[in-house]
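Both complexes below contain chain A, partnered by chain B and then by chain C.
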Partner chain A sequence: MKAKCYIKGYAAISPQESFSGGFAPHLLTLEGKNMMHVKEPDYSGFIPPNSLRRMSRVLKMGLTAALQCLRNSNAKIPGAIITGTGRGSLQDTEKFLHNIREYSETALNPTPFIQSTYNSVNGLIALQQQCTEYNNTFVHRGFSFEHAVLDSMMQLAEGNATEVLAGAFDEITDEHFYIKSRIGYWKKELTQPAELLESATGGSIAGEGAAFFLFTSQPSDICLEGIKMLYKPSEEEVQQALQNFLSSHDLAGEEIDLLVSGRNGDARYAQFYDNVERQIPDAKVFYFKPYCGEYDTAGAFGLWAAIKEMEQWPANNAVIYNNFYGEQHTFMLLRKVV
Partner chain B sequence: MEALKLKLKQQIIEALNLQDTKPEDIDDNAPLFGEGLGLDSIDSLELMVLLERNYQIKVEDPREGRKILQSVQTMAEFIKSKQVA
Partner chain C sequence: MAERVFITGIGMISAIGNNVEENFRSLRAQQSGLGFTRYIDTIHKNILPVGEVKLSTDELGALAGKPGSPEFTRTTLLGLLAIQEALQSAGIADPREMPAAFINASTVGGMCDTEKVYFDILDPQQEGTFLQYIDTLDCADCTQRIADETGLREYVTTISTACSSSANALMYGARLIQQGLVQRAVCGGTEALTRFTINGFNSLKNTDKQFCRPFDQQRNGLNLGEGAAYLVLESESLVNSRKARVMAELTGWCNTNEAFHPTAPSPEGDGAFEAMRKALAMSGKTTADVQYVNVHGTATLNNDASEGKALERLFGAKVPKFSSTKPFTGHTLAAAGAIEAIYSVLAINRQMIFPNLNFSEKMEELGITPETKLLEEYPVRNVISNSFGFGGNNASLVFSRYEG
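Now for the complex of A and B:
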């Protein structure tokens, strides 16, 4: 995919002070669990009180990040709304399932069921902005956000839209943390974000967040040049894919100034990140997972962090590399427009 | 009856997550929908669930539900009538 896709505006709600628009990376101190939560903004300036009272946390996060992104972009009604989420509203899903059990499948409250559907955030954005354009939500675990990006690029390339609101949202709950801990997602020992990348054990720190971008076909400061996804590749396939990806954009590894890496401290998959760093030897490396934790759509925070780094640092070409537990691997290429 | 209405108001506030609303803010006879509390159709479903969960009363006929859910007063009268029956 070589279509020009410029980034006009963006917004993120994360465990960092990101919502205000700045980014001064701060490593949190965790207590008790390897889990970090977002710093929630005041939602009242974005969502009417009558809607706010009914929404669960991730819905508020997703909708508010999307609306802030539109505000930052001086846009109101995008030509498409495309999102990705690995888990949707876990809080609502859990509530609904608990109700089924508690009330023996009777007297079920409709709200958690309605909101537990993955496309709730998209629907809320469309309703609030009165947007009747293309609307799609991708739910593909570690490829959820990435498919939203790919679809956005295709919408722009085919001329179906000139501005696309794309984003991702995921939350972590105690129950989901427990379930995923049983299949080795999180480190068994309490690990602080500051120590995460030095860890020699399996698993990572759980995180969450919502990030949105307004992609446009009109030239802007930063261009998302391309995206490449690989499912369950070998180490060699990842290396070859990176080489092909860069050369398809007339670049060599040495020409990349910034590598934004999704290294998450999980020793089982560290070799993929080691290899990529060897192939991009001269780049400044920024590891974003110690600041947001691991979750299906952490790549969206990675893209947000890459843009902030490119704004603050003289990088012309940046590569974002992320993999989700060794299965879903993604490269994205950003270029500063001079 | 007064105790039932107070309890009902507390249950409505909790079920509908009416932040910043206290039981004393809800007038017994004020309409729950449109004006008054400004509830909507999803709230009406939640109030039906509230009646079923807390009072074991199932409202089958939607037309009947519209009358019952007019105000706290009408809800309380309906619950009382079912309890007596």
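Now for the complex of A and C:
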């Protein structure tokens, strides 16, 4: 695949003050639970009041991040809309499950069912922007956003689109937090983001967010050079894959000056991050999970954070490495266009 | 020039059969799989007909070589059975022999099983083995279990675009091959009936209490179904080097969005029209080259009106034979695109057009009617298969006879 993929614009809704465009990383103080929520922007400038009332939380987050990304990119109708979400609208899925039980399957309101459909955010973006082009949604844990990125790169390579709107969204709810706490997703003791990476126990802090990017074939400041995904790899396979990935772009580990790492304080998977840091020895390392928490599509916040770091810091080559609970591993390579 | 993409293996399970040959026999015998559910605990069980696979989850487990494995949901087991057949039919003894993609599709993942224990999961007092399977709640679980069982691992992902999900999975796999990222991609989808989905469609008031009647003036909604289907896609160079048997060529595809309404198509079928038109253009064929359209044909009021209009707009006075096979299988949502892709391949390979059951009265807004008879020895060379879904997601695929 030969096409160039540049990043024209982006927007993120996250537990940080990200929506306004800046990024001054701030570690939150958690109370009670190992869970962080996004700072929700004022949606009224993006979504008409009638729609706003009906829409559930992640739909508003996803749609607004997408619309803000288009505004920031000075674009209206992209050539494709591609998203990733691990959980879709949890709030609606939960609501419909509860309604089925509460009302014994009778007189159910269809809205939560419709909104629980994983592609509903994509449909809303297309509807609001009147975009009738390619539209796709990936729903695969730590390969949701990542395949949205690969699909975008293919769209550009095929020449089907010159601008692709790609992004990801996921929310955390109390109910889902509890469910995942039963199978070790989160740390048992209250852990502050500032202490997350020093932890020697399993689990992480739950997070959420929505981030969108406008990928284009027209040159701009930062180029997404490539993406490599690995499914349930061994440590050796990850090391080999990173080496091959870098050399396929004529780079050595020493030439990478920024490593944006998805290290999440889960001691069970720390070795993967340790190895990558050893292979990229001279880079400044930025750990993004203390700022957004762990979720299926945290990699999208990772890409957003990498771009912000590259804008503020003289990095020419940046690698993003993330894995989701040791199963889905991804490398991305960003290069500053000089 | 992008590589040509060939279909070298097919495998499936649906309400009309546990493998491809059983499905074909039922289609030919014009035997529908619709009936009342035996396995779903719902107040609608004797009211809303469904296309249910005629095996219990335990029986599916035994058949798939996974007896007594509660971590394998019905969704996973349906998928596993279908993919085992697909790989075998492609003559692939060891899928690990080369880097290959597995592109799956699902709308509610393992909901079929998790909805039974969901409130136990929420109850801190409840403990039990079900806790180990909490992760079956999402769409990725079935995909990964199937990937792990088969050894397909170069690209592993799941697509969810409602009723067009597995058509998009096929498209995505074909594009991975054309971009040279893999030589082989196994693509399709799996869907199990759930109380969640039955109530969802029922709350939208588009389920019919009778057997669904696609393209009929009296149609009154869809019947849900379940099943799974996978197609093995391979590049031309791989096919040549391993001398694989080619069943058909995937010559064209298109994904469009209607941008009209969250759950309803546009009355003039704009999205359907564009999807079919562009897929056909990509295949290099003309409207005159198409002998059969396997329509989405859910039998909802909106879909059939809109899809019918799109057919008339695209083909003018010469609309080819078309039929919906949903009266056989029910609407299998994420699996529908792949199930109907296989029916399209069968139409080409067996030179046959399958009838649109339950049709009696022409729709007043259309000048066309579906094919209601089984046509044998019919020269089918190119087929369009349509899958349209919620969120305005439309997908059309073009399958062509292998001409070498």
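In this text, the second predicted complex is superposed on the first by the 336 of 338 C-alpha atoms of A that agree within 3 Å, B and C clash if a C-alpha of one lies under 4 Å from a C-alpha of the other, contacts with A are read in each partner's own complex, and residues count from 1 in each chain.
Here, contacts are C-beta pairs under 8 Å (C-beta built on N, C-alpha and C of every residue); 3 or more make two chains touch, one makes a residue touch a chain.
It should be emphasised that the depicted structure is a prediction, and the values quoted were computed from it without experimental measurement.
With the two structures aligned on chain A, chain B fits next to chain C without clashing.
Once the two complexes are laid over each other on the shared chain, residue contacts for A:Glu17 go to neither chain B nor chain C. Touch criterion not met for A:Glu255: it reaches neither chain B nor chain C.
Of the two partner chains placed by the overlay, neither chain B nor chain C lies in contact with A:Glu195.
In the superposition on chain A, A:Glu277 makes contact with neither chain B nor chain C. When the two structures are aligned on the shared chain, A:Arg54 is found in touch with chain B, with no touch to chain C. With both complexes placed on chain A, chain A has more residues touched by C than by the other of chain B and chain C.
The gap separating chain B from chain C at its narrowest, counted between C-alpha atoms of the superposed chains, is 8 angstrom. On chain A, the surface patch touched by chain B in one complex and by chain C in the other comprises residues 106, 108-110, 114. Within the complex formed with chain C, the residues of chain A that make contact are 1, 81, 86-88, 96-97, 100-101, 104-106, 108-110, 113-114, 116-120, 122-124, 126-127, 129-141, 143-144, 147, 151, 154, 157-158, 175, 178-180, 182-183, 229, 231-232, 327. Within the complex formed with chain A, the chain C residues making contact are 42-44, 106-107, 115, 118-119, 121-122, 131-132, 134-135, 137-140, 143-144, 147-148, 153-162, 168, 172, 175-176, 178-181, 195-196, 199-200, 202-204, 255-263, 270-271, 274, 389-393.
By the touch criterion stated above, chain A contacts chain B in their complex at residues 49-50, 53-54, 103, 106-111, 114. Chain B contributes residues 15-19, 38, 40, 42, 45-46, 49, 52-53 to its touches with chain A in the complex.
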